[in-house]
Structure formats: C-alpha cells, structure tokens
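See structure below.
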Amino acid sequence: MTPHIITPDKRNMAVHLALAGLLLLVCIAALSIGTVRISPQDTLRALTGSADPMSNFVVRELRLARVVAGLLSGAALALAGCLMQTLARNRLATPGIIGIDNAATAFAVASVVGVGVSVAPPLMALAGAATATAIAFGLAGVQGTRGYRFIVSGIGIGAIAGAVTQVMLSRVAIDAANAAYPWTVGSLNARAEQSVLLLGAGLAIAYLILLNIRRPLNTLQLPDATAISLGTRIKTTRFLGLALSVLLTGLAVAVCGPVGLIALLAPELARSLCRPGRIPLTASALLGAIFMLTADLLGRTLFAPLEVPVGIITAILGSPYLLWILLRPSPRSLT
Amino acid sequence: MSHTDTATLAAERITLAHQKYIVAENLDLRLPTGRVTAIVGPNGCGKSTLLNGLARIHVPKRGAVLLDGKDIHRLPSREVARKLALLPQDNSAPEGLTVADLVRFGRQPHQGWMKPWSEEDQRTCDRAIQAANMSDLSGRALETLSGGQRQRAWIAMAVAQRTPLLLLDEPTSALDLGHQIEVFELIRELSRQGKTIAMVVHDLASACRYADHMVAMKQGCIIGQGAPHELVTPALVRELYGVSCDLIHDPATGSPVLVNVRRQH
Amino acid sequence: MLVTLASLLYGAGPVSAGDAIRALSGGGSSEARFVITELRVPRTLIALTAGLALGLAGALLQALTRNPLAEPGLLGVSAGSGFAVALAILLGATTATLTTLVAQAGALAGCALVIAATRVQGMGNDPIRLVLAGATMSALLLALTSMLMLLDQRAADEIRFWITGSVAGKSLAMLEATLPSIAVALLLSAFVARPLAAMALGEKAAVGLGHHPGRIRFLVIISVALLVGAATALAGPLIFVGLVVPFIARAFAGPDIRKTLWLCVPTGPAVVLAADVVSRLIARPSEMPLGVVTALIGAPVLLIIVRAGRLPSL
C-alpha cells in the first residue's frame, strides 16, 4: 500500500485564482465608485477609452493612477511583511510594527521639507527603511528576533523616528506641515508618478527574485540546523530576503506613507488560506492589494466628500484583530 | 530502500568553539561506513557540538571535516545535502504543517529551478513515510502527534533526503521508554539498509544496545572509541560520569548492561 | 530648582535672562513682565504639575502590574484620555473643568482596560506582551482621534495643537481646575504606598500581611486615572514620561517602592520641565511640541530597559 499524499499545489492554486478574481472585482469597484458614480460596464469601457468622455476622463485620468498606486503599494507592503515575519520567525515582526515604516517616512519627509538633503523621496525612504532594519536587527543581536522583546525595541525605534518626523514638520511653515500631515498617517493622496513607477519596477524585480529563492526561503521556517542540512545557505538567503523586504517597504512608503497593519494582516490571512509549509508570497501580495484598495475605497466613500486617509482606516479596522492575537488567553506560538 | 552510493565522513584535528570559548580541541574521528555510531559522554562534554560540527552547522576554528575526502565547507551546500542529513535537537515547525508537508522538505536538495516536483520525488516521500511507519498519520498536523510519532516524522524527512549519511542529535530525548525503542529500532532498520549513522545519545545503556561503534567524550576530548562490548568498562563509566558500577552482558543481545550503579566513594 | 529657573529665564520671546530676573523681582520693561508672568510662569507651573502627575502615575502603575514597562502613555491610558478630550472638543466642550473631567474619565477607561488585560492568563508573566497590546490600543485610539479631527476642521486645529503635547498657551485657570484631583490622587498614593510595597511580594503575601489586594488595586487605578487625566488635560498625551521618571527614580531608590514613589515627586517635574526647556530652545525661533521631546528622551530608555538581559523585576 502506498500512502496517498495530497499535494498542496491544487489548494494553493485555487486560493490564488480566487484572490486574483476578488482583486479584479475590487479594482473595478475602486475605479467606478467615487464622487462620480460610473457603472461597472462603463468603467470597463472607459478603460479602453470607448465610453463617454466624462467617464473616460474620471476613470483614466483621475482614478486609474490611484488604483495602480494602491495595488502596488498594498502588494509590496504585504510581501515585505510576509518576508520579515518569516525571517524574524516572529509573526508580529512586520516593518510597520518594528518601526521601519516610520523611519522610512522620517527620511522621506526630510527630503520633502528639505532638511539639508535633496535626494528623491523614494531613495530617502529606502535609506530610512534600511537604517531602521539594521538597527532593529542589530539591537536584537544575541537575544534574537523571536518573541515580544524584539517587537518592543522596534516600537522604541518607531517612536524615535515618529518624533523626528514631528520635529522636522514643526520646523517648516505651517502650510507645508499641514500638507504633509495626511501623508504621515498613510494616504494615497501624496503619491508622485515617479515614485509609483519605481515601486512597480521594484515590486516586479523583487517578486521574480523571490520566486527563484522560494524553496530555500521555505526551509527557513524550520530550525536553522535543519535548513542548513537541507542545503540552504541561510545567511545568504536571509540577507537577500531582508534586503528585498527593505526595498519593498521603502518604495511602498514613498508612495503611500506608513499604512499600518496591511503587512501584518495580509500574510496572516494568506497563511490560514494556503497550506502550511510554504511561505504564502503570492497570496500575501494579492491580499495586501485587496486590503489597500478596499480600505482606500472606504476612506473615500464613508464620509464623502470628506476623505479619510487610508492609514487611519487600516489602523481602525486592523488594530482590534492585532489586540485579539495579543490578548487571547493562550496565544499561538509566535513563529 | 537500498543505497548503492556511500559516502565517508571524517573529522581531522578539528577545534570547535562557541565564540571565544573552546568546546572541543583537536578531535579526530572517522565514522565507520554502514554502521551506527553513538557519541556518549556527560552533560557539556561537547558531544552535540561535535555532531553539529560534522553536520557543518558549526564551522570549526581549526582543522576540517571531510566528506568523501573533501572539506565540507568548500563543497556546495546542496551537494552536501544530498549526501548528509541531520536531525537537530530543536525540531519546531510551523503550526499546521502535516507529516507529508514536512517530509516533502526532504526533497529540497534534489529539486531545482528547472526541476519541479516529480513522480520520483513523490515516490521517495511515500517510501520514507512508510519506512518510518507513518503512513496512517501522513495527513496529520505535527502538533497533534505524540512525541515519538513526531520524532519519526522528522526522521522520515531526513530519510526522504536519501542521503548515505544520517546524523541525529539526541533523537530520543524527552521520549518515554516505548517511544525510545520505537525510534531506536527505526534507526537500526535504516542502518541495515546501508546508511551510515551517527547519533548523540544521552543514555549509555541505549547506546550500548543500539550502536555498533561508540565514541566516548569528556571535557571536549575523545577519551576512547570502539565496539560497545570492548569500550564500555567500569573504569570508563567512572571516568565519564564519576560513578561506580558493575557490568553484565545482556543474555539476549550480548551488549553490556550497567548494574549496581552507585556514587563513587 | 535649577530647571525651574532655566524655564523662567530662557524662551522664544526676545527677553534676556537679565531682563527675566528683573521682571520676576517686579522691575524691567512691561513687555518682559508680560512674557514672564503671563506666559512663562503658568507654563512652568503646568509643566511641573504634569510631570509630577505622570511620573507618579507611571510609578504606581508599574508597581501594581509589577512591570517596569507599564507606562500610561505606552499602555493606552493617555490615548484613552486623549480620545475622550478630542471627542469632547468635537462636541463643543470648551471649559477647562469639563475637559479635565472628561480626560480623567477616558484615563479611567484606559486603566480599566489595562488591568483587564493583565488579568488575561499568561499576561502577568509577560510584561512585554502587555506593552505591545497597549501600544496597539494606543494606535487604535490615535487613529480614531485622527478620524474625529478629519470630521471637523475647527476642532481639528484645536485638537492637533493639543495632541502632540504642549504646556504652552495654557492658562492658570486650567491648572486650578486640575489641582483638587491631583491633591486627592497624592493622598491616595500616600495611603497605598505601604500596601503596594507588600504587593510586590505577590498577592498572597500581601493578604498574609493583612492587606486587601482588590481594594489596593482599585485605589491605585483611581489615582492613576486622576493623575493621567489631569496631566493629559493640561499638557496633552505626553508619552514616555511615566517610563523615564520611575526609571530614574528607581536607579536612585533601589527596589523599595515607597522610596521610588517619593523620588518621583521631584524627578517628574524636573524631567518634564527640562524637556519643555529643550523644546523651546532646540527649534528656535519656533517651538517643538513637548510630546516630541519626551518621545525622543523616552524611546531610548525603553530600548535600554528592553535590552537589559532580564527585565528588572519590581
């Protein structure tokens, strides 16, 4: 008798297809709903430029860029979160929670308000993300990145970065500070075309590399000794994964600011949908994009004509879930 | 599942250290091919460090570990992984991972970018699960298994790696007697199929019973090696653990058994 | 004392240290007198009071939860208070008294949540997890506060100024409104100091020594809420003060909780006042929000405590 093993491939395939379909629906919804409501059919027609001029303009000129920015940044944040969770072996260790988003924002704000530097915001955000990651993992040192201690040091780093951002904002004219405010809580309003292009390129490259190293990455879920004995060069793999996570976070923050909790929730949900044993990279990215677009859509429509920044929506919707993880009487292991 | 290919593993004058603190110095060791070697010694004597050194987890400060005569740290890691499998002491796995999922990891060194999951990979996994007597449990999540079953699942993963060499770090620690026997008999069976096996064993009695070759360590030095019935003497036991004992021979197997173990006076 | 003097002498206005001394003694130009008596004296007093309240609240909360990281700001007590105030401002509240009461009610709710969380199984032995839950709670309340600000542009300006934490531009009337509750809280703290020290040995030991843990917990929560609410109403949600002050006090006082509590009384005001002076000087000629300075001082202290091999037990 040979035991029959169900391969995880089929289930994951189904999950990915379902998520891709859902993402498509959310995209169409995000394109058609707004101050001007356009029917889904007209929206699709407008995409190809064959609807009435008004719809064409609204969909293609006003909404498409925002949806693309949301899609890319949501996917990038979720992918970065998924990677960082795996590498730190800590499901709470996402860039937002350990202060990397805040640092990227601080650096980007520095270049926006022009404190002595004139580098483009995306590059500055990258530098910020890299700095904070180095500090967070450096501080963890011998004590390791597992457990809550690592996370709380991250909160400290985030607090410092947040305070530095405030310092810079308090030193510039009140108008500039007000303009930067929605961006510091995470919003799709402040996006610049150049940043979105960079993010798209970065996401594509990172995703290709990740597909290539997905097997060694998977072994990092097992103990180090096992990963090594399976032939994984763990230092190289870990460094590459971390670098990609930093790249994705930095580029995404340059587009949308520190939109919290997507990087935590999307991989979390993806993990429960997909079969265990594999890091749910694609599913995380799809879910991240779905979360971002949905949250932005809510932010745009809930109190219309007022617009609530997407970062506030994700914080309000996501925090209760995080609290639930933390306060459950017997929490699952942090790995 | 027979292994036509074999591989040799040897340590040549290796010095192992944790940061600056030297754990073992100038060790020479050659694993007898096709046999079960047990590394024994008191707590903190460096036996696990030695095993991790052999498995290239630990990089020696001086000396070299030779796999088929070549420095193990100069060989590509995946090539080594096709010849040598390790069952580490820490065997935590992501929650929800099933036995089958875990065993699939064992095929990793044989897969590549252009070589997706194949029929042969699947057959090897199925056979590894059968060999570990886990067929009925292959769909179960690891955290729902008993300690002995979980340990057998991990051994199945190492078996799926299809390596001529298998290293195990305290494979029976924290298992009760029944589960210990279960694991040791699986190890014997794998050895019969031609694998070269080395394991760190805490319990001297089990080492005597299940190993062909024993390596005794104390304070980072190898103080003796040989077949259990030649190596294990009351004098050795006193030197290793500081206790006195008498020896008799197991009427069924002939392996040495310690009796009347007492504090040394 | 030194810091108080510095706070009176240095500031954004074009008044030199010499002028300030003259103004204090009743002389000097009328402009200098105005700056000193109308702006700097109230500001200094408010900073002193807020520091006292937050430092003491931090020490009490840490003693009660036996967790050196338990800080009103980190655990969401300040954020609860801040949310309540924002809500009140949005609904049109303006009088100082109402704000104080509302802030204290919010702080009480935040406190109750924290204590409820510590009762969750396993949380007691995991101080860091509690902090993380508190930080999440704070983030949630902060997001809700931001949402309120978006809803009403007028209230937003008022809230935004207040939410980063500042002791500037507050009147003495506001200070007067909070004084009674701070006095009550001080009395309560004096009363619970001895039983709290016993609680440090564990609840059972405290019962054995003739104390009532439930009653003590209740009193401590009330005083923390009164203190944090008052401080928040005065100066906005100042994060990390409740962490830094007891940290310094403990360094001098050692493990004795009573000594730590009393040392917080001078340390708290000194820390906040120093932070306020720094906030005035660092970004001249404008000012930096006080909350930012306390975060810059406090976050490294948090890192130090977390990094220390094992968390110092109380």
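Labels A, B and C are assigned to the chains in the order they are written; within every chain, residues are numbered from 1.
Criterion: contacts are C-beta pairs under 8 Å (C-beta built on N, C-alpha and C of every residue); 3 or more make two chains touch, one makes a residue touch a chain.
In this text, all values refer to a predicted model and were calculated from it rather than measured experimentally.
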item	value
Central chain (by mean CA position)	A
Label of the chain whose CA centroid is most distant from the centroid of chain C	B
Chain B-chain C separation of Cα centroids, rounded to whole Å	58
Centre distance in Å when chain A and chain B are each reduced to the mean of their C-alpha atoms	42
Cα-centroid distance, chain A relative to chain C, in whole angstrom	34
In the complex, chain A residues that touch chain C	92, 139, 143, 147-149, 151-153, 155-157, 159-160, 162-164, 166-167, 170-171, 185, 260, 303, 306-309, 311-312, 315-316, 319-320, 322-323, 326-331
Chain A-facing residues of chain C, complex	69, 74, 117, 120-123, 126, 128-129, 131-133, 135-137, 139-140, 142-144, 146-147, 150-151, 164, 239-240, 282-283, 286-289, 291-293, 295-296, 298-300, 302-303, 306-307
Chain B residues within the chain A interface of the complex	52, 55-57, 77-82, 84-86, 88, 90-98, 100-102, 104-106, 108-109, 111, 113, 117, 122-123, 125-126, 129-130, 135-136, 138-139, 141, 158, 161, 167, 169
Complex contacts: residues of chain A adjacent to chain B	1-3, 5-9, 212, 215-216, 218-219, 221-226, 228-233, 275-277, 332-333, 335
